[in-house]
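The same subunit A turns up in both complexes below, where it pairs with subunit B and then with subunit C.
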Partner chain A sequence: MTAVRAVARCLLTVFLASIVIFALLRLVPGDPAQVALGVDATPDLVEATRHRFGLDRPLVLQYLEWIGGVLTGHFGTSFVTGQDMSAILRDRTAVTLWLVIPAVLIALLGATAVGTWAAMRRGVTGTVLDVAAQLLLAVPAFLLGVVLVMVISLALGWLPPSGWEVPVDSPGGFLRHLILPVLTLAAVQGAILTRYVRASLEDVLGRDYLRLARSKGLTRGQAVFRHGLRNAAVPVLTVAGVELASLLVGAVVIESVFDVPGLGSLLVTAVGERDMVTVQGIVMVLVAITVIVNLAVELVHGLVDPRVRA
Partner chain B sequence: MTTSRRGPLATALAVALATLLALTGCTAGYTAREDTAHAPPGSITLALTAAPSNLDFTTTSGAAIPQALMGNVYQTLVAVDDHGKLTPQLARSWRVDATGTRYTCELQQGVTFSNGDAFTADSVVFSLDRVRSAHWSNGLKAGMDVVKDVHADDEHTVTVTLKRPSQAWLYTMTTLVGAMFTPSGVGHLATQAIGTGPFAVGSWKSGQSLTLTRRDDYWGEPAAAPQVTLRYYADPLTATNALRGGSVDAVVGMQAPDLLPSFQQDHAYTVMEGTTTGEVVMSMNNKKAPFDDVRVRKAVMYAVNRQDVMDSAYAGYGTLIGAAVPPTDPYYEDLTGAYPYDPDKARALLRQAGVAGSTVTFSVPNLPYATAAAQVVVSDLKKVGLTVRIQQQEFPAVWLDKVLTKHQYQLSVIAHVEPRDVLSLLAPGYYLGVDDPRIQDLAAAADAGDTDTYVKDMKTLIRRAFVTDAVADTLFLLPNLTVARTGVTGLPQDSATTALDLSRVARS
Partner chain C sequence: MSGESTVPDAAGPGPARPSRDAGVGQGAAPGAGRGPAPDATPGTEPSPRRRAPGALIAGAVLVALVVLTALVSLVWTPYDPVAADASQRLLSPSGAHWFGTDKFGRDVASQLMAGSRITLVVAVVSVGIAAVIGVPLGILAGMRRGWVEAVVLRVTDLLLAFPALLLAIVFAAVFGAGTVSAMVAIGLGTVPGIARVTRAGTLTVMQQDYIAAARSGGRGWAAVAVRHVLPNVTGVLVVQCAVTASLAVLAEAALSYLGLGTPPPDPSWGRLVQEMQQFLSVRPLQVLFPGAAIALTVLGFNLLGDGLRQRLNRG
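This part shows the complex of A and B:
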């Protein structure tokens, strides 16, 4: 029953989002026909172009046609690029997921290790790790990316500075292109997560059940590993889920620095050109992924913490 | 107990990862894949900035599409060389009758389109009729309004009759509105370009890359490189890094001149500076106070130090021009001395006009050169007693809406990149707000005259508009900055048109 309710809630969210994004795009100033015609536009030509784009039809009709397509998996033909966006959207999503999911997983692993270590050693080491995490937090991701390119790609020549290779074309090339952008994203996200892991674990360390675990004969490390981490995981996973969702678009700067053909860069271009079909499609994909990620985080909560299941 | 609880978690993670792989497959990025992996030896990859949104300039404006396609894929009857002179292309020769309205063109023979169609007089009739039809919505099509009739005399001769003599028309024929199409090649213009040029479109990845392949059946001298790929980078630093990393051979049309010095000191690279047709025009709404008063416009001309603007916006690269006419145009005249930097004169003019101490709004598009230029203008105008409030506007969408279409602005700035666009800037109803019948009369007289009077009359008109009436402050001409790996040859230095000629580009 709860599962049905959760799914229904997700569908409602997606549906409402579709209306909001459709309406918002028509409220912001800027007309796709005008953008297409640029500085030489005349009112007659703009009118004719609006007609060609189908923008002069009733809004309800435009919405129904679009959402009908989306429901059957067709995101429509962009009037700006003249291309069917379905395949492009799926492909761009795949690229961004390749970037974001490994980055969040690496960030999560790294943050758990470093955060646990920092929480258990409150002394100098803890402070040093804390300062390091703070520093990494303060560095904008693109700057870190630019520095990594300068050092690792241009000075040392170890990895390509930018670009993308399709996995099936060249698995090795694909991985070599993936490393720097993923590390850049992971570093900054990891720094954020480290602080959550540490704070969450410090909170847990003082609890009675840990003392009980110690009294059963477990070492401090064993107690933290078996009981502490599990309890500290819930807030950390929630933050990681939110990070993953925000990174889908937030990776745009990194996509631009490393010239990765992902969702974010497509969205920026599409917004600039008022390419409504593409913007709507991307936002729907993002909403859907966000909803799925949140659902997954909830499910994982249940696995980690039996109380949530009740 | 522990294992049984860890089990579902591991399963969930595994399922999630498997879903990811199923979703993405192993083809992630295939829609952006370039064809450089199988490029024949001698292929060239160039980095550029602004990606075309599609390949159809008949319905989409902007410089990016003609930059890539004109001359390379699409050709015209007549072309224009680096010095702005007309040269034969698909027309072997042409003659004008005594009335100046009938142009008879002898066409090249043995020319084919990249889809195999023959280029004949019928192609010319089809193309020129199409420009004047509703199929075209690019505003530049107005350049063909003067055409009354196009007639195929025989397979290789065509006669174009104009409504009135027009000096500008033949030049217009060299631009994208003169591009030659074939009826079977216009079905999917947004994604397929079929022309008579030395290259055919090999692949087109929207927003990413355009691969041009040399045509072996090209009617003229074949292109030097077997394949040229244009790679579009949103970030100039990423483009120069790609050059250093070896994935591109040159960066063309550099928009970040501050990245140039490191290449100038390095013998592995060659830096070229040339001219463009991009005039950076600071517009003053001639129909809105206070700029409806010529004294205020003149005051701005005296107050703004254009050298400082160019230094700040383009690190000193570029050319100072006194009017929206690049030096490659036949009617160019050095007018840079008309309004020397003179803050005292500016102050006096503002006092005379009674607007000293007032505030104006500057609508600045969010483009790097515009933002940098605006900073200098604000400080220069402040010195003479005009407070400027900057209003950043998203370009293109918001700027086109507010400034270009609705004329809701006082001061603005933008680069006008179309070749020979000075008359469209001065046209009535355009956003500059110049609505002067005398200028229209001069333009009509110039167009109707012969070649000599045309140049003379155009110069008179330009002096009248940009000096006497001070309709707008032409800040500078955008430079054409190219960084190439040493050994890459044949890249054009100047661009007197919007087209980027790739036919001679090669690597030694």
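This part shows the complex of A and C:
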């Protein structure tokens, strides 16, 4: 039951968000066709363009047509370039996911390892890690990216500073271009998650059941591994879901740092050109991924923690 | 209790909560993203670990430094921060130009000083907007359960789907890039964190005897909200505001870096990083200085939030 309600709530959020996105981007001062064509377009041309893109029809119809298209993977034709954006958006989404998914995995694994290690050993190590995490949290992701370029690409010459290659054309080049942006994204999110893993595990370490596990003969490591991590995972998973949303938006910025042709760099260009069809499509994709991931986290939460299933 | 199987008695900090809140209802408000210390939510058992006691002081000093810089920049900067001079392009740091000059020959130190104003204004106004909307929503949801609470939670769900930076990019598309649209967007984007913390605090306060006493004394719920609830959630709110301020600084910096924030010629730290990035191999310091300014400000607000939370939990 809980799962059904969670899915329903998630669908409601995506639906409301789609209305907000559609409405906001139609609020653009001035007529969308006029904005796209520029101020010196003749009234006839503007009228023809309005008709061609269906802008002269009722807003509700326009919305239904748009959302119907989005649901079937058709994002519409850009008023600015006159191109159908569907294929471009799908390609760009794939590139962004190439950055985001490895970054999430690295961040989660790294945070679990470092956080567990830190929770089990207090004292100087803990303090050093505290300070390091605090510093890493304060550094904007784009600055970290720039610093990595400075050290690894410019000073050491190990990896290309920017650009992108298609995996099928050149797997090696693809990987070499992937490493720095993924590391940048993973480092920032990893720092946040490490703090949660550590705090959550420290909380668990003081509990009776862990003492009981020790008293029946398990070593400290075994006790933490078998009983600690699962209990510590619940709050961490929740945070990880929320963090993924900021990772997606973080990717928007990081793509600009490394000149990666993903959704983010397209979004920035589209905003600059006031290409509303493209902006709408990208924002809808980002918001939908965010909400769906949060739903997934909630469902996984139920698997890890039997009490919330009920 | 058995030690054999996983004993699910340690769900996480805080009082038992319904699954739909999944951790977003408690003080640390993961919705707020970066920075919040996860272990010290109100209602948590005291953490065995003690954080460095200097956090509050260090944070206060850093934030005070930024405020002081902003104030001084109003009356004095070494050079006019927007005066370009083609003969002085891309100079290394020296006695005349402490932090060097940028690609237009403008003094970087002066731009950093003047840039602190935008950073602070965005932080303060964004937090103000988030608090003005989020606090009443949170108190309302905490005091009036039922459909009012359900509506507030759906609204925060909706806002949570739009991270502050994404909303700011959308606003830049709709209203044009600018400091005002950035502040409004960041403010709206951080409403959920404030609203959820306020609601969680309100729920705790509402269980207290003095609320029942005030209600039975015939006070209306609005009077109870102002007299009893608001003063008692101020502590967690101040912590959340510090965290929100650090988020706002980061969001503004990223937005300006993308060229969608504060428009030229007003100096902005994020834009300075972006403008100087193409000269990274020749003048790396001019990229690092504005970057460090952003990082130190964010660090200041984060430490301030951590330190305040610590005091709150102890007292």
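Operating definition for what follows: the second predicted complex is superposed on the first by the 272 of 310 C-alpha atoms of A that agree within 3 Å, B and C clash if a C-alpha of one lies under 4 Å from a C-alpha of the other, contacts with A are read in each partner's own complex, and residues count from 1 in each chain.
The definition used in the following text is that a contact is a pair of C-beta atoms (placed from the backbone, for glycine too) under 8 Å apart; a residue touches a chain by one contact, two chains touch by 3 or more.
Treat the numbers as computed from the prediction; the structure is a model and nothing was measured.
Residue contacts after overlaying the shared chain place A:Trp98 against subunit B, while subunit C stays out of touching range.
Within the superposed three-chain model, A:Arg274 lies in touch with subunit B and with subunit C [touch as defined at top]. After overlaying the two complexes on the shared chain, residue contacts for A:Leu137 are found with subunit C alone; subunit B is out of touch.
Residue contacts after overlaying the shared chain place A:Leu183 against neither subunit B nor subunit C. In the superposition on chain A, contact of A:Asp208 is made with subunit C only, not with subunit B. Look at A:Leu154: by the touch rule set out above, it reaches both subunit B and subunit C.
In the superposition on chain A, A:Val146 makes contact with both subunit B and subunit C. With both complexes placed on chain A, subunit A has more residues touched by C than by the other of subunit B and subunit C.
In the overlay built on the shared chain, the residue A:Val224 is in contact with neither subunit B nor subunit C. Of the two partner chains placed by the overlay, subunit B and subunit C both lie in contact with A:Ser256.
Applying the stated touch rule to the two superposed structures, the overlap between the subunit B and subunit C interfaces on subunit A comprises residues 28-29, 146, 149, 154, 226, 256-257, 268, 272, 274.
Of all residues in subunit C, only 1, 3, 6-13, 19-20, 22-24, 30-31, 33-35, 37-39, 44-45, 47-49, 51-52, 154, 157-158, 160-163, 165-166, 169-170, 172-175, 177, 246, 250, 253-254, 257-260, 270, 273, 277, 280-281, 284, 287-288, 291, 294-296, 298-299, 302-303 touch subunit A in the complex they form. On the side of subunit A, the complex with subunit C involves touching residues 2, 5-6, 9, 12-14, 16-17, 20-21, 24-25, 27-29, 122, 126-127, 130, 134-135, 137-143, 146-147, 149-150, 154, 188, 192, 195-196, 199-200, 202-209, 212-213, 215-216, 226-227, 230-231, 234-235, 238-239, 242-243, 245-246, 248-249, 252-253, 256-257, 267-268, 270-272, 274, 276, 279, 283, 286-287, 290-291, 294, 297-298, 301-302, 305-308.
Against subunit B, in their complex, subunit A makes its touches with residues 28-31, 34-43, 45-46, 48-49, 52, 80-83, 87-88, 91-95, 97-98, 101, 146, 149, 153-154, 160-169, 226, 256-259, 261, 265-266, 268-269, 272-275, 296, 299-300, 303-304. Within the complex formed with subunit A, the residues of subunit B that make contact are 2, 5, 8-9, 12, 16-17, 20, 23-33, 37, 51, 53-54, 56, 59-62, 134, 137-140, 142, 188-191, 206-208, 233-235, 237-238, 241-242, 244-245, 247, 394, 396-398, 400-402, 404-405, 414, 416, 418, 424.
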